[in-house]
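Note that chain A is present in both complexes that follow, paired respectively with chain B and with chain C.
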Partner chain A sequence: MITILWIVGVLLAILALAFGFRWAGQMATSNAPGFRDMPLSVAFGYVFGVVLLIWAVRFYFQPLMNEQGVPVASVIFFRWAIQGLIIAMIAAFAFKQFGKFVGTEWSKKLFRSMPLTAAFGILVIIIYAIFAIFAGAIAPYGQAEILGAANVLPGGDVATGGNPDYPLGTDNIGRDILSRLIYGAQNTVGIAFITTLLAFVIGVTLGFLAATLGGWLDQLLSRGVDVLMAIPSLIFALLLMTIASVWAPRIGIPLTYFMVVIIAVIDSTRVYRLARAVALNIVVMDYIEAAKLRGEGLAYLVFREILPNATAPLLAEFGLRFCFVFLTIAALSFLGVGIQPPLSDWGTMVKDLAPFINFAQFAPLAAVTPLLAAGAIALLTVAVNFVVDWMLHKSSGLKE
Partner chain B sequence: MGNVLTIVVQRLLLGLLTLLVVSIVIFLAVNALPGDFAEAILGQGATPDAIATIRRDLGLDQPLVVRYFSWLSGILRGDLGISFAQLNFRTNLGGAGDVGVIDQIAPRLSNTLFLALVTAMIAVPIAVALGVLAALFRNSVFDRVANITTLSSISSPEFFMAYVLILFLAVLNPILPSLSNIYDGMPFAERIEKSLLPALTLTLVVTAHMMRMTRAAIINLLASPYIEMARLKGMSPMRVIVKHALPNALAPIINVIALNLAYLITGVVVVEVVFVYPGIGQLFVDSVKIRDIPVVQACCLIFAAAYILLNLTADILSILSNPRLRHPK
Partner chain C sequence: MSTLLKIRDIRLEGRSDEKWNPIINGVDLTLQKGEVLGLIGESGAGKSTLGLAAMGFTRDGVRISSGSVEFDGIDLVNASAAVKRSLLGKRIAYVAQSAAASFNPAHRIIEQHFEGPTQHGVMSKAESIADGVELYEKLRLPNPEEIGFRYPHQVSGGQLQRAMTAMAMACRPDLIIFDEPTTALDVTTQIEVLASIREIVEEYDTAAIYITHDLAVVAQMADQIKVLLKGDEVETADTRTMLSAPTQDYTKSLWAVRSFERPTKPAVIGGAVPVVSVRNVDAAYGTVPVLHDVSFDIHEGRTVAVVGESGSGKSTTARCITGLLPPKAGEIAFDGNVLPADYRKRNKDQLRQAQMIYQMADTALNPRMSIGNIIARPVQFYSGLTGKDLRARVDKLLDQIELEPSQYFNRLPSELSGGQKQRIGIARALAAEPKFIICDEVTSALDQLVAEGILRLLAKLQDELKLSYMFITHDLATVRAIADEVVVMKDGRVVEQGEKKAMFTPPHHAYTDLLLSSVPEMDPDWLTNLLQERGVDNIGDAAVGKM
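So, the complex of A and B:
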């Protein structure tokens, strides 16, 4: 209750300051248009921003330890967040500058028109790809390798319960968390990528077929997709995973394969929708008519005429779809029915390490490990979204 | 009005049909299992006699079509069957009355609806207000920051948001409880307090999307002649947007709100697990883990029904808010 009163009080104070700021501005500039026509909301925004900035700077420079020598976790986290943000901005900027001067004429031009967010997205995707491909070479230990010490705290400092051999510590059965994070890139991202590819192969093929052939096939597929899309995807995935978990041990195929197929099929319905809509606009073109009159077969029509003309929207959709699939897999793993234990993956890691968050007050580093895994998921999806956002913006030709 | 009524009735019937087909899909998916419920309940070492008894008890010796219709009529009468956990308990340990799936689900469902309601009450006003502001100050610093923040929060997994909120609001600054142990007869204020953190998590996830769509819907309209006219009259930008753009953007905004509430349904599963909130999502995940198929089936149907209903509402509301459809020439 007191918190709410405080918030209201501060907001009112800022409002009063904003009023004063506008009035002072009008007086000082003898009613220049900029201040004369300024709505109170804009003045409020300026003052609010300045207050926020002052507060952030003050908070950043608070001491890291209190009088008893106990670390103040919220200040530490705040510093990390700000430092991370600044490093990310510098890295993105440097990457953009690098791209402007190195590479082909085409890529240089691309980098010049690129917003910083997109440069950041591309940089992150490249780093993830490197980690995913070379996980075996980068990771210091194996992903399922059980090492000597269990529950080593992160930080690598022996005085605080760490061990320099394991910079991020080990989990409850003694597996190196850093190695598992790196292998997680391979497993989680790799499986999500394969699943998305599969969803696209199914969805695009059926969508193009439905658009080219039309008639009863189109009706059948479209109505079927309508029904499947009426069930929320995560819920349907969970239902099918339940059934798969009964099937899997009987047939002897690992549950992970079932998961890939199930999510691919569920997500292919969304791809089908888009592919069909795009293809419907293409099949009425004259060059398709010409190809038909030349006597080309169905395969030629689909792969040589329609596909090249539908690449741009499909590519953007691939990015978005990958995010959805990636998040679905992470959610399933987090709930304990996704990627199965010997493989390390980020969703499971978050679930397993989550209790450490409660120690944030005493050991800020320990609380970070579950957030690292969750943050790794978030960072990649954010990066892909930034890139897709920019691609869509570019291809739509929006300038405002 | 007659015209609109026909469209609405058509949509309702279509929704009902979809729900029926979805129930068939769910039923068939579950019945595609190797073996059947009887074997699943009794496990591998079951004698053929016992299996036959259970099969007869549950009516599994009937053909598929008969079973589907008896399941469907059971649902209509509010009888969703008995969970495996219950059946297992009865066959192995004995016991009198069974607690049906419906009795397990009903209190959970009302908890979840409560959570969704709290979320909607927080998220919808914030999202619309922020969307209007972002449209008003488009391409300003505020708009860019809002764009990046919302894009990030859309693309982060729900559990990431949840743990970040727990870290800051429950562990570092103990303002809100991180466990939402709701029980019956809890005082209302305490109940709100306990479900605030999950509600805030869901708000973060849902608001971002709603806000972006509100912004896009309003900006779409800003090129219209009547907006130009209002601007030339000398109206303030805020009034132009609130009086002229917002009412016309209402249809897409309502649509987006309803769709996002439908999205809450999936988000709720993960968030309930994180906060140990006793809602239907948690029951669903628990039942998935112990393969309690009657419960999974029932929850799935309820989720699908809610999803279809919300989409239907979005559809109908956007028809009703379109004056061209309400007053046909």
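So, the complex of A and C:
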């Protein structure tokens, strides 16, 4: 009850402050349009933001340990979050500045008009790509290598239970977490990329064919896709993977191959719907009619006339779809039917180390171990979405 | 008379390519109470931007950089949002070009009508509805008591445009901005809307800014005309002076556009085999019949204009000829040989012989292909030329359409103007070396000066290459300029056909007469005279219905 009163009181106080702020602004600028036409809600937003900022700064400088010498987890995590955010912003800004002055005219122009979020997204994707491609050279240990010490905490400081040989610690059976994270990039991201690509090849080809030819083929494909989409995708994938895990050893094909195909087929249904919808808008254009009347074949229509006009929405979808595929793989691995041990994979890593999250209250460092892999997944998802947002904005031709 | 609107040295800028580009460079405008000002110019001249600025409003990405807009003593540039809210809709109203796109399709017309008056507290809802019915009656909408309770898609385009005028009138504003209210309408519908607008503006002594690119229309509506060119004022004068004695070269060139007319060609020799022969064609979309027994011939080197309102079956006839819509009955013959009905069954040579130029060059050119590739593809496809020969052929085609090859070869369609795009459309058709070209409303989306250039180009190409044209249009000025023969269509039937000269001299078929008399003329008294002639209560729908 008291809490509710507190909240109401604070909100009313902010509202009063907002009113005063707007009034002061109007006085100070002698009623120029900026403050004059400002709605109270906007003023409220400004004041609320400032209050939030003050609280954040105060919270940031709270002591890390309480009187008993126990670390205060909330403050520690908050500090890490803020520091991470600042580092990310600085990195993105530096990267954008770098792009503005290095490269071709075209890329320089691109970087000039790019928002900071997109620069951050591109930077993260590049770093992930480098780790994924050169994992073997970068990682200090092998992904399946079992080292002497298990459950070494991250940080590399012996005083807090770390070991300088394993900067991010080791997992419950003594494998180096840093190495497994780097190999995980190769396995998870690489497989996700191939799967998405396959999903697009299937979905776009069929979608374009359905839109161009229409008639019974369109009906057949579309209804087939409807049927596949009616089954919840994760359950469906799980079911098929369970069947595949029985078959795979018998035929001697690695289970991972089955996983790629199964996820690609399930996800290609979504791609099909988009590709068909986009292509339907393009096939009614007069230039398609002109090409048809010229006597052009199907291949020319699809690849030369339709595909170039559909690339923007398809590319944006590729980014989003990649995230979904990637999360599906992580989820399947977490459930134990995805990428199989001893190959390292972020989903499996989260699963294996999940119990450590219970230590968060009194040993923040220990709780970090499962969060590293989860963070790697989250960071890539956010980065890809930043880039996709920017591309969608660009292709829609909106002006700010 | 007192001054209602005073715009002084206004400058507007638009944001693109990361910088502000000028749209209007210092224009003055003064409007007295009850006066109608016509604002004319080509597309991109800044007419609409200026019209909106007169309301103190700018579109997103546009700003007023300097100058003043004073409405009845109120400074609109620096007015607060609250002040503007109290003016817009109540004392200043706006009628947009496309009523169909401006009405909310989810609400009945009357619901959108009474929103303004009730919001501004001018009238109660019941009063406003009663007033709306009265306005509908004044604007001569059929069933005024009932029409407001329909949804926008349930009434025709011309009726919707009038309903929108009624909506603008709802608060009895002092000023209405009309932004090309009749551009999207057929000539016969246009007359009704023009007459209604003029009447109601006169009755309530409303001042208006009438934006259009059609001189003949503005001559009927305006007391004063202002000509804009690329954001600069060319000249301003009262309508009669402007029409009889324009002082600037640009204005004179606008006036002269309609003077282009081709010399009459000798009549076709009897017994000559026509290039294209449409024989007793019936066609339908699904089960809805569209064409009934359409027949006409097109001879070598001649232009046949097919005219009629929208929905009369002009474009459907073209689709039958190209084979996109196989006819239900009848046949299409080319040089005396009957063509397969479906284009998929025609061979490459048959496809090559008949080409098409489209109305909207924007959708007719692949936006992701360079100009060079767009033109090269048909050349390569039909003649198999490659490398240097191909390039030489494309260059020659670009020369023929009067565009510099080296400058345009690598450009994308988005980097061209509307007229240039239409020229590329022509070049693509020519690339196939056809005998026959269908021109589907090729000039209707273009400004008059640009359209005239296209017509001259088509005439020149016809003389050089002995081409035959089927020219689909609803604009009789275009027909007069370029046609040799005319086919008039209505409701999917050929109403009348013959040599152009015969068609333009009476006696006509009643429908041809209606079409011909509906084409606005530059004479400012034309509309008044026409309405008297037809009888005021007899315009438009009534006149058509009578036949």
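One rule holds for everything that comes next: the second predicted complex is superposed on the first by the 332 of 400 C-alpha atoms of A that agree within 3 Å, B and C clash if a C-alpha of one lies under 4 Å from a C-alpha of the other, contacts with A are read in each partner's own complex, and residues count from 1 in each chain.
Please note the rule applied: a contact is a pair of C-beta atoms (placed from the backbone, for glycine too) under 8 Å apart; a residue touches a chain by one contact, two chains touch by 3 or more.
For clarity, every value in this text was computed on a predicted model and none was experimentally measured.
> Go through the superposed model and pick first if A:L255 touches only chain B, second if only chain C, both, or neither.
Neither partner.
> Quick check for you: in the superposed arrangement, does A:I231 touch first (chain B), second (chain C), both or neither?
Only chain B is touched by A:I231; chain C is not.
> Taking the superposition as given, does A:V246 touch the first partner, chain B, the second, chain C, both, or neither?
Touch status of A:V246: first partner only.
> Which partner chains sit in contact with A:T117 here, chain B, chain C, both or neither? Use first/second/both/neither.
Only chain B; A:T117 stays clear of chain C.
> If we overlay the two complexes on their shared chain A, which of chain B and chain C does A:G49 touch? Say first, second, both or neither.
Touch partner of A:G49: chain B, not chain C.
> Looking at chain A, which partner touches more of its residues: chain C or chain B?
B
> Of the two partner chains, chain B (first) and chain C (second), which one does A:V382 touch, if any: first, second, both, or neither?
first
> Mind working out whether A:R294 is in touch with chain B, chain C, both or neither, as first, second, both or neither?
Second partner only.
> For chain A, give the residues common to its interface with chain B and its interface with chain C.
Shared contact residues on chain A: none.
> Chain C touches which residues of chain A in the complex?
Touching chain C: residues 33, 36-37, 112-113, 285-287, 289-290, 292-296, 304-305, 308-309, 399 of chain A.
> Inside the complex, what are the residues of chain C that reach chain A?
15-16, 18, 60-61, 78, 80-82, 322-324, 343, 346, 348, 351, 355-356, 358, 360, 363-369, 377-378, 381-382, 428, 432
> Mind pulling up the chain B residues that touch chain A in the complex?
18-19, 21-22, 25-26, 29-30, 32-34, 40, 133, 136-139, 141-142, 148, 151-152, 154-160, 163-164, 166-168, 171-173, 175, 178, 219, 236-238, 262, 265-266, 269-270, 273-274, 284-285, 287-289, 291, 293, 296-297, 299-300, 303-304, 307-308, 311
> Could you list, by residue number, the parts of chain A that touch chain B in their complex?
For chain A paired with chain B, touching residues are 3, 39, 41-42, 45, 49, 73-74, 77, 117, 226-228, 230-236, 238-243, 245-247, 250, 323, 327, 330-331, 334-337, 347, 350, 354, 357-358, 360-361, 367, 370-371, 374-375, 377-378, 381-382, 384-386, 389, 400.
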